[in-house]
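Reading through the structure tokens given below for one structure.
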Amino acid sequence: MSSQDQTTPPPTRADYPHTSAIPTRWKDNDVYGHVNNIEYYGFFDTVINAYLIREGGLDIHGGEVIGLCAESHCRYAAALAFPDTVDACLRVGRLGGSSVTYELALFRAGDAAAVATGWFVHVFVDRQTRRPVAAMPPRLRTALQALQESPS
Amino acid sequence: MSSQDQTTPPPTRADYPHTSAIPTRWKDNDVYGHVNNIEYYGFFDTVINAYLIREGGLDIHGGEVIGLCAESHCRYAAALAFPDTVDACLRVGRLGGSSVTYELALFRAGDAAAVATGWFVHVFVDRQTRRPVAAMPPRLRTALQALQESPS
Amino acid sequence: MSSQDQTTPPPTRADYPHTSAIPTRWKDNDVYGHVNNIEYYGFFDTVINAYLIREGGLDIHGGEVIGLCAESHCRYAAALAFPDTVDACLRVGRLGGSSVTYELALFRAGDAAAVATGWFVHVFVDRQTRRPVAAMPPRLRTALQALQESPS
Amino acid sequence: MSSQDQTTPPPTRADYPHTSAIPTRWKDNDVYGHVNNIEYYGFFDTVINAYLIREGGLDIHGGEVIGLCAESHCRYAAALAFPDTVDACLRVGRLGGSSVTYELALFRAGDAAAVATGWFVHVFVDRQTRRPVAAMPPRLRTALQALQESPS
């Protein structure tokens, strides 16, 4: 799957149908003065779940179906530092019956080149049993399908 | 100092000369489904330091003078939950020669009542010795003085 | 309440009936090379809740009564840095019908002087309504009473 | 590179020459009641850097050579939840002139099956220029070589 990040040419914002601007926080910076590598995954998790809640009907507090992370990956190309704002860009790669692979890129606000690219797999499971559902809810699927189309 | 939070009437955004909108992140929510109490201090740290960097000339990477937290406090009145955006509101209470006490309030975007109030003390120290400086840099002081004035 | 931190003589581990050793993590360090101020509250939350789960019967996943933070405070005396281990020391100050004020001190492993002291108020509420319960569960109360006694 | 996690049979602690026990913290749990996916990368970063500091002479505060994350990956097999302790197990896969690929597995204390496996690439760079060094310091290389050997 890592070949997904090795596509050429390099990604641009136009390759992603959904973007969310996330301001960095003081604590994102680590001892080396830049945003720590683990925070990038937090940006992934945030842009994905905010989209699922707002567009896909995901109810994180009481819904029967929730999305759990099964695998994730990030390649770091450049640094971010507080107080930068990061544009977190999202599209859907593979869309299965109960799982989805998101593809993501992060850009510093105003910059053309991505600081990082990655992917993230959600498996949709029953909240109680934590077993994959037979099929994800229709509204969720529709929202994810909308991210398969190029915005251009 | 805690009497600062017990002022009546309850705080409004108009009581604070500086506000920054901070979107919550997925990981801010804890097991109880709301933003964890420690993240509120992260909002404090973020609105304070972004202001110092942008308005006060604070150079967090190489400047000779840095601000260290000597004391902090928060009173929680209501809950926030991802994907809420929080308005982090800032003013300066006491301004000393080498230290400052900030007063803060957090509001959920769109709400009139604060979800939390708190205060936070910065002592400005020499980066190498970590001892308080005799006087904070003039540009920093000017920026802090601007937060002592009511915005109305 | 802040007079609680101003007691003399300075606190020692022997003043606290419960201690938990918490290794720092890479990401605790911020841009200034020491553990960020907000992480101290994470140490508080961790020693408190681990104790409530293990000794007080707190069921964070499904129990009817949960503890929410109503107020917290920390005074910072010295720095910690990854990979230090911190001894998080806990006792109970005021124990009410539905709330408790914890008093805490943090020590670097091997050091006699505390790096920080603080307090933290839990209000025990009904999980659904988030309203304070009339009385905390007996097992929880017994566990908290055990932290009112000096260990010596 | 992802084939590294697909080795059969499943990993055991004996496959890793270095292990560090990391207690979970209250804030590791997310809204779904288990340790959030991004914290797993924090465990990776912690076991790696603690080893480099203690065994490899890494000076994170002032050393000329520092390690930056170029790529990371995690596959999640099962859940952890506070207050579990996690055993973070580390070995070295590929060791280059200025970079290293670590292979990691996380186990809940007392369990035989891993909850997650992953890998993490460090590039060693000059602290000022952030450009890869020609060769990593000898003491660091020796420490990393020691993690290439199976502990059995």
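Order of writing sets the chain letters: A, B, C and D. Residues in each chain are counted from 1.
Operating definition for what follows: a residue touches a chain if its C-beta (ideal position, glycine included) is under 8 Å from a C-beta of that chain, and two chains touch if they have at least 3 such contacts.
Since the model is a prediction, treat every value here as computed from it, not as a measurement.
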item: Chain separated most widely from chain A, comparing mean CA positions; value: C
item: Equivalent interface positions on chain C and chain D, same or different at half; value: same
item: Contact-richer chain pair (by C-beta pairs counted) among A-C and A-D; value: A-D
item: Mean-CA-position distance for chain D and chain A (Å); value: 23
item: Computed distance of Cα centres, chain D from chain C, in Å; value: 30
item: Centroid distance [mean C-alpha coordinates] between chain C and chain A, Å; value: 35
item: Where chain D touches two or more other chains, by residue; value: 26-27, 29, 31, 33, 36, 38, 42, 45, 60-61, 82
item: Chain-level touch network, classified as line, ring, star, complete or other; value: complete
item: Chain C-touching residues of chain D, taken from the complex the two chains share; value: 20, 22-23, 25-27, 29, 33, 42-43, 45-46, 48-50, 53-54, 60-61, 81-83
item: Chain C-touching residues of chain B, taken from the complex the two chains share; value: 1-2, 31-32, 36-39, 41-42, 45, 60-61, 66, 68-76, 79, 127, 130
item: Of chain D, residues touching chain B in the complex; value: 26-27, 29-31, 33, 36, 38, 82
